Amino acid sequence: MIYFNNDYAEGCHPKVLEALVKTNLEQTPGYGEDEFCRSAAEKIKKLCGRENLSVHFLVGGTQTNMTVIDAALRPHQGALCAVTGHINTHETGAVEATGHKVLTVPSDDGKITADQVRSYVTAHWADGAHEHLAQPKLVYISNPTELGTLYTCSELEKLSNTCRELGLYLFLDGARLGYGLMAKDNDVSMEDLSAFCDVFYIGGTKVGALFGEAVVFSNLKLAEDFRYLIKQHGAMLAKGRLLGVQFDALMTDNLYFEISAHADRLADRLRETFKKCGVPFLVENNTNQLFPILPDDVLDALSKTYVFCEQERVDESHRAVRFCTSWATKEENVTSLEKSLEELLKRK
Amino acid sequence: MIYFNNDYAEGCHPKVLEALVKTNLEQTPGYGEDEFCRSAAEKIKKLCGRENLSVHFLVGGTQTNMTVIDAALRPHQGALCAVTGHINTHETGAVEATGHKVLTVPSDDGKITADQVRSYVTAHWADGAHEHLAQPKLVYISNPTELGTLYTCSELEKLSNTCRELGLYLFLDGARLGYGLMAKDNDVSMEDLSAFCDVFYIGGTKVGALFGEAVVFSNLKLAEDFRYLIKQHGAMLAKGRLLGVQFDALMTDNLYFEISAHADRLADRLRETFKKCGVPFLVENNTNQLFPILPDDVLDALSKTYVFCEQERVDESHRAVRFCTSWATKEENVTSLEKSLEELLKRK
Amino acid sequence: MIYFNNDYAEGCHPKVLEALVKTNLEQTPGYGEDEFCRSAAEKIKKLCGRENLSVHFLVGGTQTNMTVIDAALRPHQGALCAVTGHINTHETGAVEATGHKVLTVPSDDGKITADQVRSYVTAHWADGAHEHLAQPKLVYISNPTELGTLYTCSELEKLSNTCRELGLYLFLDGARLGYGLMAKDNDVSMEDLSAFCDVFYIGGTKVGALFGEAVVFSNLKLAEDFRYLIKQHGAMLAKGRLLGVQFDALMTDNLYFEISAHADRLADRLRETFKKCGVPFLVENNTNQLFPILPDDVLDALSKTYVFCEQERVDESHRAVRFCTSWATKEENVTSLEKSLEELLKRK
Amino acid sequence: MIYFNNDYAEGCHPKVLEALVKTNLEQTPGYGEDEFCRSAAEKIKKLCGRENLSVHFLVGGTQTNMTVIDAALRPHQGALCAVTGHINTHETGAVEATGHKVLTVPSDDGKITADQVRSYVTAHWADGAHEHLAQPKLVYISNPTELGTLYTCSELEKLSNTCRELGLYLFLDGARLGYGLMAKDNDVSMEDLSAFCDVFYIGGTKVGALFGEAVVFSNLKLAEDFRYLIKQHGAMLAKGRLLGVQFDALMTDNLYFEISAHADRLADRLRETFKKCGVPFLVENNTNQLFPILPDDVLDALSKTYVFCEQERVDESHRAVRFCTSWATKEENVTSLEKSLEELLKRK
């Protein structure tokens, strides 16, 4: 079977593995207070173009989302996001388990607009009984979103300005950040992210690492005592250096960005093939996730060789599914999938 | 510098690393639903001598403690432990963050006795206003304890019987389990653990893995829906197979036990040296942690070459400190430490 | 000003007050373990036609909702309700603060159907990654709903059967229960409630008491240790007898039902008047809340004499508002409001 | 039976009841936004000698403790108190249920000293791994304490200064505040309380009200958004005016203080009688709780007529028990108890 179902089917990029192997028997202090973490943090700061950042390494995405949000909010405050937001849909209520309501606005493309934020927050404060409602205090976005779409730089800036004006924090989940930054039409940079967000993270788990997410606070007030929160949420790795070693490797010689570009390029190839075959998409995007709408019989045939993800039923005979490429996707597997697609769809 | 301060200063045992390297580019399902996890779970069941167990792999100790305890308890119930228990002292209130009070009894040696449990629980129910008190429902023990001491098989059995009689769960934190099982006078087996405990875990982080704890439920009621709780607590590794691969390697050809025995043997050597030099211990034990009481000037001299842990001040001129050995400790470093000790203490 | 904005603008019914005054200096045990609470519980059991119930008295609605839901659910489980459900909209995330996600389905009339429950729960279990989703385990309904609508006996039965078949609990918030039970077309009885629900409550705060909600468990498993949960959620009144005295008075000589009927009758009068004047409703119902849609200028004029609640803007010149009657509403105030309405609307 | 077991066996003081009766049918806004609450708050500010306070009314003590502490702390922070503190012993883990660890220091008399606070906090920050420990951020004291003892003004001042110097909040639980303020040797005033504490409360439940605690913040930062927290913790009474009416009555014409003095005077009488009879106390104090140590047979005899509270067994034939007086205690009942005591103890 060939896996296109997600971007975490393999281990890590060979260069990351090499770094782990090379440092394996070195002795270091625990809990992220080692030289590798320091070095990785420095490289990230450099990429963001500013020194005044607080960088922390956690193990996974759900863990990072709940720890950051719990660190930022008081008990009565909630996180506002698109109804499709990962924290709202696929984290078993992890944010609620820390006591905070996830507040949602409708979204077709996985994004939330500055106007939606403004009107939600304005309505909250206009309500005479606003203390009966969870208070919106943080905007959670993903970039790329759960649907593979991207915020433009100007959208991000507007969101950021709106949040600051209204006293909300902006938190960007970058579980697939690399695939966003290297996408064809992307105009957002690392500098932009650290300028526009109070806090964001650079996903490692889905982009070349065994695991790991690098959290970057530019709002240092939110980072206060953050190591306590990491520990309390079970997110402090004893051998924290494993995160440092991996991110240090990823941030060296542009590795993180090159392997992301690889995935995007293969996704673009597949996207073209789908389009050529007349296959519509549930949603258009330029990143490593594709959501084609295909006939059930084609999907049945494909499923004998390829693993992909069910997304949703579209009509009686069609389903939208998800195909992912990643840093590890092999050119030959894409070629094989393209052939299968062309064959199966030509018959129609 | 030579690190004796803890048992997680290095990466992982070479055979574990080899397994990770070998499987790195294989594609597997995520979240622990892969063949490596299944294989590792099977091996653990075999070691426990019973099939009817539910095995899960988590990343770290604090995470495991809070997830298991939160899974087992209703909101008004607390976890009872020795005042020295890790959940009470060194987890930033992680258990309380899930809503549960940690209830404590006094302990000099890190252990809690069946009689202490009985009298605590009896007093609870005898109180006319017991609903004003957190209800003791789970007993948390560590083996080895935080002070390196061990439960005997008969102590464990008595604890277990008392818990069952009183309707409490028995949960054993085995973060350093290997070092306990291979200790000189240990008479507890894996079969005993799964027979006496409702749930226990086999520590990987401190015993040869990069990270990872294997949770073993023999009380299957407690394991119900446990995967939801893993996910909700941010403890579900996307590439769960990393845990499977590591535990599979550790449970193959007795590796886990052999490397534990190595650490215990070196600890025994050191223990003998301390004794020969007339050094008293804060607490006597047979596992990989030593708590000698040494003069301040000797500690100052040692600290130029060796890293160790501060434990507590004993009197004006003496402190108890902690030296750890581990699967990775080198014979030559122990020899070097012994020489330094003999030299420094002879001068006295 | 004349208050029609809610059903808790006054203190309590004179007979309830009389009972409080009469018993004021009696000495009783605290925390609800007194004769008044016992007597009130007995009367409630009699009304429900069954002995095998566990009855508890709490102070307010939000408190009751969060305490009951937290008692019923394990950490990863959520409460399913209409998107308009009080726990979802007007409780400052109190349920989430106990760690549980509120799960919602769309609703125009404030109700949730058995089919909606079935399809939500079926979809949950059909999802290959259901442990990544909060697990639906309890259905929360209000009767009357937040929009004043009522479940029919057959709807309730179907909901109940569906919940039992799927392993979910059914919890009915009866903050305005009296106004529902005495409504013109209601066919649900107290016996039905205790037969169909796992737990429900009889609202006192809005129906004649100073405060207080009587929780009735027919699923005794959910009531296990409930007094601990009451205490832990700050919901155990030291002078618990105040709740017993009030509910005992309300459940004596049909008082609760008579004063509810009074409110419904006055609401019916107002409803007729609105209809006569051609005023449409946001939602049709037969209970003590009315949601007429009125022109802005009429509302402005009314607001000089009457207090009512804003509900939502309907179009550029019309808003839906809420008028409530209650046990305390005076006939003459209804007459006055009717006159004002007829006058203001005739001019149109 | 005559109840001396606690100070909440009756309803409320007749003047409080009169105020409730008189205002019963007035219509007011809900949730504490009425004139009665405003008036009561003004009177409290006047008693404290400062305008710049934020006053809120909640229903009960456990509720108030958990709501205030949850409002003040970030997730990783704990509340430090004497091991006998009410939040540590008799609230079913309510503070932990909001996620915060209760941290304790030993205490024989129910008090915690400035030196204990300083050494606890200093040790925390001196620990190299302090992020592995819950961070002490708030000191919780009761005055009178759970053992009826009182802080002197100078002790309070020292505690306050120490807290401010170390960046901790000082929170005083005044569930029995009146009985403390009117005690023979008390030298603490309402002005002192608002000067020394960040937040404290004036207990109504045990001092003349049906229920209710008036929370007074002098640290306005802690009061930010407090109404949200009240609502979220189920502590916002729909008919909030009931709290306003009661505290307004209590704060009028010195009522709160006069009825407290009554209880203290009767406690003093009893105390003298015990002393005359040679009865020792578990702890000495001057407030409305007495903890005499009496022979088992005397207690058995007394228990036929009087209700009192078990405190602890002292030796094989003696127990310490608690007798309480209150605003409602009748002179004649004290006389009767004195006679019984003298008779029973003379025989010895």
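When the chains are written out, they are named A, B, C and D in that same order, and each has its own residue count from 1.
Going forward, a residue touches a chain if its C-beta (ideal position, glycine included) is under 8 Å from a C-beta of that chain, and two chains touch if they have at least 3 such contacts.
Here the structure is a predicted model, which means the values were calculated and not measured.
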item: Between the pairs B-C and A-B, the one where more C-beta pairs touch; value: A-B
item: Of all other chains, the one whose Cα centre sits farthest from chain A; value: D
item: Chain centre separation in whole Å, for chain D relative to chain B (CA means); value: 42
item: Chain centre separation in whole Å, for chain C relative to chain B (CA means); value: 50
item: Length of the line joining the C-alpha centres of chain A and chain B, rounded to whole Å; value: 34
item: Sequence positions of chain D contacting 2 or more other chains; value: 75-76, 91-93, 97-99, 129, 131-132, 135, 228, 231-232, 236
item: Chain A partner contacts - residues on chain D that touch it in the complex; value: 31, 70-71, 74-76, 98-99, 129, 131-132, 135, 225, 227-232, 236
item: For the chain B and chain A complex, residues of the former touching the latter; value: 1-3, 6, 8-12, 14, 17, 20-21, 23-30, 59-64, 66-67, 91-94, 97-98, 205-206, 210-211, 228, 231-239, 242, 328
item: Touching residues (chain side chain D, partner chain B) in the complex; value: 75-76, 78, 89-93, 96-102, 128-129, 131-135, 310
